[in-house]
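Here chain A shows up in two complexes: once beside chain B, once beside chain C.
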Partner chain A sequence: MRNSSRTLSYFQNFLFIAPALAIFAVFYVFPFFYIFKLSLFEWNGISPTMIFVGLENFKELMGDGVWWGAMGHAAYITLIALVFQNALAFALALACDREIRLKNFYRVIFFIPPILSEVVVGFIWRWVLNPQQQGGEYIGLLNYFLSKIGLVHLANNWLSNPETALTCIAVVHSWKGFGWGFVMLLAGLQTIDKELYEAAKVDGAGYWRTFLNVTVPLMIPVILVVIILTILGSMQVFVLIMSMVGQGLEFEAEVPVTRILEAMMSTKRYGYACSMGVTFGFILILVSLAFKKLLDRAKQA
Partner chain B sequence: MLKHQVLEHQVPVHMKNEGILRKAFLFILCLAAISACAQRRAASNTVTVWHWMTDRHDAFQELARRYEAQTGIKIKIDLFAPSDSYKQKIIASAQANILPDIFGVLETKKVFADFIKYGYVADLTDEFQKNNAEWQNRIFEKALSASRYDEKNAYGVRPGMYSVPLDVTTIQMLYNKRLLQVAGYEKPPETFAEFIEAGRALRRVGIAGMVSGWGELWMPECFALNYAFNILGEEKIMATYRGEVPYTDPDWIRVFGIFKTLVDNDMLVEGIITKPNKEAEQDFALERAAFAFNGSWSVNVYREMNPDLPYGVMLPPAIQQEMPLKIWGGAGSSFVVNGRSANKEKAVAFLKWLTDQPQQEYLAQETRNLPSNRNALAAIPEALEAFAAGMDHATHPTAWELNEQPLVTEELTRGIQSIILGKKTPEQVAGEVQAVKIREMAKEAKRKEFQRLGSQRISQ
Partner chain C sequence: MELNQYKTADVLKGLMIHALLMAVTLTCLFPLFWMARSALMTNETIFADKSLIPSIVEFGNFRTAWVEGNFATYFLNSIFYTAAVVIGIILVASLAAYAFSRLNFPGKNFFFYMFILAMMIPLPGSFVPLVVLMNKLHLVNTRLGYILCMINVGLSVSILLLKTFFDKIPTDLEDTARIDGCGPLRIWWHVALPVARPAVAVIVIFNSLNVWNEFILANLILTDDALMTLQAGLFKFQGPNLANYPVLMAGLTISTVPVLLIYLIMQKHIIKGLSSGEIV
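Then we have the complex of A and B:
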């Protein structure tokens, strides 16, 4: 009797998570395996017949210099985002965690870039970085500003120069994304018991010592979550690239997602695009797992 | 558990029934939604049209209203923009077999051929040829070439006509009369050498030369192929596509060299390499460049941005006279009838009506596009006449015997970008494009082998 009621209870509990499980299976698990299946075929996306090519697509991908170059570009954007975006987010979160005037106003202001459409942000920055001149004056805000403060020699063709384009995109991506990190880090800072700061003050610790010995250790779990989300978001950057440099710059501004889109939409190689997707997903999972492990260790410490 | 049982007994019966009813209702709703997605549309009095043309949506809605008033048949016009999203929607809908009665295929002739082969597109040959080919004769021949697959087509499609052109388009060179006058030119340049000289004269007075949306890969490809026709001629281009002439041929290097000449003479606006065409149109409309390489659709754009823009239209200046320079043109936007639609006859009847003179005149006046119906040309705005004159020089990849492999085309256009960036020479680009061509031809052979093995496996 007790066993059957326990089974019934177990079944009832399972029913509660069944809808979520079903949605997860239909929209995540099934597509993942289906994409893996497609990656073993040569298919143009239209034809009802597909040619089985085994691991040929993966073999080709391993030797595809443009693909690995695109991975490198995404890693470069991620690196800048990790340093610039998160440092900015942490600094501003620290500032807003203190008793300063208008702190709620700043919180709202800092969260505006993340809620703007990426396409809109891309086009606004295209205008800011426009290298053209009309009637002897620069059209783009940045070059115009540089010319007005006597630094005209620094005026540049920012987005059409492979040496600066990717950095510009990374900076704009960081500017657009720092608000998320700011909100999470601020929430983390507010969970730290204020008595710890008072105790440190009583012990004679200055601001930096308190920051290094109290704030940072207690913030490590939040910082690691922010880092993981930054990596996942930055590696998948796409809309900003399309709106800021389009398909220009030879292969200098390609990232994995633009290559996948190119393979699907332009060269009509769905199987190859799927092999890119599977490989890219696998790399992201590995990175996430590595950081998860780091997070667990940090929590234990 | 006891607590659960007590709670269960405490729930009033009518509330329990309500819960069951709610669940049943949700279940039925889900079933209805799934079946609506899955089932094929039955014949009805409504013809559904999917399109991507934001600038023509209002005009289509008005024409649909008029058609319903005349015939009683409802035309449902659905807009899905931008065109990239539309392309994805069409492919996904073809895979799910939920294409509408009428739609457009914005793909290469090879992919369009796949749509036909697998029954997504109806053969309209008989309809075009009814009543002494009345429908066929009212449409520009060049516009129909994209619709036609001939006896010897390389795609294995049954010969016939498969799409209905709504309008025609040509891509040419536009020039700003006022800016040219500032540089001392009363008339536009006629040869490529004069064009380059005009660019230098413009730069001397602080005016940028040429603008175009070369941040979109198809535009530099189009420009390059215009000159490929002028330098190599059609037969040699097709021989290259067949793998008989290498891209390292001196004539191809000359084609790539045109871009180096443009860069070396400071002919291109700053940032052209990443410029979307919309922004390039804005630059020309705001008189930031004296020349623009753009299509006939831009007449409408310039009219809206700067109605007083003093511009003219010319063919891109030829580099030599031995062979004609060809421009891209022909069918602008086309519709096809779903080969699996239950409303096929009604869809065809609507398309015939849509390409009839009064409707074509209305579309030309409202949307400033060149009509596909030759009899409606009298109604076109003045600015479009020069574009219409270019139809004699028009050609398009969809009308060619065969197209280049997509990865080779990608390498070619990216190579052009690297010449503009100053990273590579025309010779280097030619070598790299040829290397990809050889690799793709080897892959094609391998693909055929896989196909043969696959079919053997099935037969076993």
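Then we have the complex of A and C:
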């Protein structure tokens, strides 16, 4: 009797998570397993016949220069974001972590780029970087500006020149993203007990010594979180690229996600796209786990 | 003398810090300004006139985008999707989070960690199986399909956020309600959900922005123009050489203004949500 009433209440309680579980099972769990199966087939997405090819897709992917090139491009964007975006975010957070006027104003402004859509950001910057000329004048703002200040030799076909395309994308990506790091790092800085700074001052430590010996060690957990979020966010950037460079991408601006979309929508190789998805997901999860471990260790110390 | 020197150095340092902060402020705002300015120009003036305030102001681009560019439809669609997804997330996530925090059933920890672990799996990897599955379920090119998909995207983080919140608040109110004979469902609706308002606010803001700005799933799932969102609609202006800049800029402005307004009204909650480490 008591047993069956407990079973009933368990069942009722379970109903609370049932809607979440149903959506999750269909849109997350099922695709998660299905992708492994699909990656073993050659299939165009429509045809009723799927040809089992075993690990052929993965073998092909290992030797696919365009794919690994795309991975390299994403790594390059990530590297620039890690250095440039996070250094900027940290410098600005340090600047705002003191009694200065307009602190809240800056904080509100710096978080504007992160709330904009990647499509909007991509199109605006594409317009600013436009390389075309009309009547002897550049129509894009950057080239026009360069020509007006006597640096016309620097005017460039920014987004179709292989030497500058990726860097432009990385800089715009960093522009869009630094506000996240800024807000999180500033929040971290503000939790540091101000007495520690006073104590360091009494001990005769200058600004840099205090920064290296007090601020940085206490900030390591926050810094690690910002780093991992930067890596995951930058490795998966692609909407920004599609809006900046266009959908018919040249190889020099390809990243893993655009390769997956290409295999899915243009060449119609669903199995190959899935093998990319598995490989890409696996790499990102490994990176996350490695950083999680570092983070746990940093929190213990 | 020495004191004065220190003071001058301090003032100089302050000036330099403000100069840096102001320079970054300018780079944050200028592209938006340039977008709005370019939206007010004509196809003739936009290439020649580089002045900050155009000499002839043209509002017709907004009408062109709204009527001929079909932005009226996209705008209403985006509002509908955003509202539906956010309401869905709040209901589904808070039910689950309440159960994970307060109720007992077998497999509770297993399911909870499943939701949490899922946050590590990058979504772009599984576009193919997702679309294939939605095709089989006849959810491709339906509003319901896109809404369910986007609810799923925001679900894990919202459950974690709400569970953490429920864990921290005392159970007194719920105990009183239970003594009064309320079942768990009524307690969830009448007690727990109202109490969780701060966490709900954070979820509403971040998911609204996320759905409003979402592009790729809308592009993959919705093909019918009548179902399209703003972000996907913007790509329609993109011809081979981006012919009509003023109308494109008007379209960008239309899709950005609501975001900026909501942000400026809600920015306290957003910064607070971020700073408390609730949203990662």
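Criterion: the second predicted complex is superposed on the first by the 266 of 301 C-alpha atoms of A that agree within 3 Å, B and C clash if a C-alpha of one lies under 4 Å from a C-alpha of the other, contacts with A are read in each partner's own complex, and residues count from 1 in each chain.
The definition used in the following text is that a residue touches a chain if its C-beta (ideal position, glycine included) is under 8 Å from a C-beta of that chain, and two chains touch if they have at least 3 such contacts.
Since the structure is predicted, the reported quantities are computational estimates derived from the model, not experimental observations.
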Chain B versus chain C as contact partner of A:126, first or second or both or neither: both
Partner chain(s) touched by A:28 [first = chain B, second = chain C, both, neither]: second
Touching partner for A:135 - first (chain B), second (chain C), both, neither: both
Contacts of A:167 with chain B and chain C, given as first, second, both or neither: neither
Contacts of A:47 with chain B and chain C, given as first, second, both or neither: first
Contacts of A:213 with chain B and chain C, given as first, second, both or neither: neither
Chain B versus chain C, judged by how many residues of chain A each one touches: C
Touched partner set for A:246, first chain B, second chain C, both or neither: both
Partner chain in contact with A:187 - chain B first, chain C second, else both or neither: second
Chain A positions touched by chain B in one structure and by chain C in the second: 9, 12, 45, 126, 130, 132, 134-135, 139, 246-247
Residues of chain A touching chain B in the complex: 5-6, 8-9, 12, 42, 44-48, 51-53, 56, 126, 130-136, 139, 157, 159-160, 162, 165, 244-252, 262, 265-269
Of all residues in chain C, those that touch chain A in their complex: 14, 17-18, 20-21, 24-25, 27-29, 31-32, 34-35, 38, 46-48, 50, 91-93, 95-96, 98-100, 103-106, 111, 114-115, 118, 120-122, 124-133, 137, 148-149, 151-152, 155-156, 159, 184-185, 188, 209, 212-213, 215-216, 231, 234-235, 238, 241-242, 245, 248-249, 252, 255-256, 259-260, 263-264, 267, 270-271, 274-277, 280
Complex contacts: residues of chain A adjacent to chain C: 9-14, 16-17, 19-21, 23-24, 26-32, 34-35, 38, 45, 88, 91-92, 95-96, 100-102, 105-113, 115-121, 123-128, 130, 132, 134-135, 137, 139, 141, 144, 175, 179-180, 183-184, 186-187, 190, 225, 229, 232, 235-236, 238-239, 243, 246-247, 256-257, 260-261, 264, 270, 273-274, 276-278, 280-281, 284-285, 288-289
Touching residues (chain side chain B, partner chain A) in the complex: 1, 4, 84, 87-88, 91, 94-95, 107, 111, 114-115, 117-118, 120, 206, 208, 214-217, 269-276, 279, 283, 286-288, 406-407, 410, 414-415, 417-418, 421, 423, 447, 450-451, 454
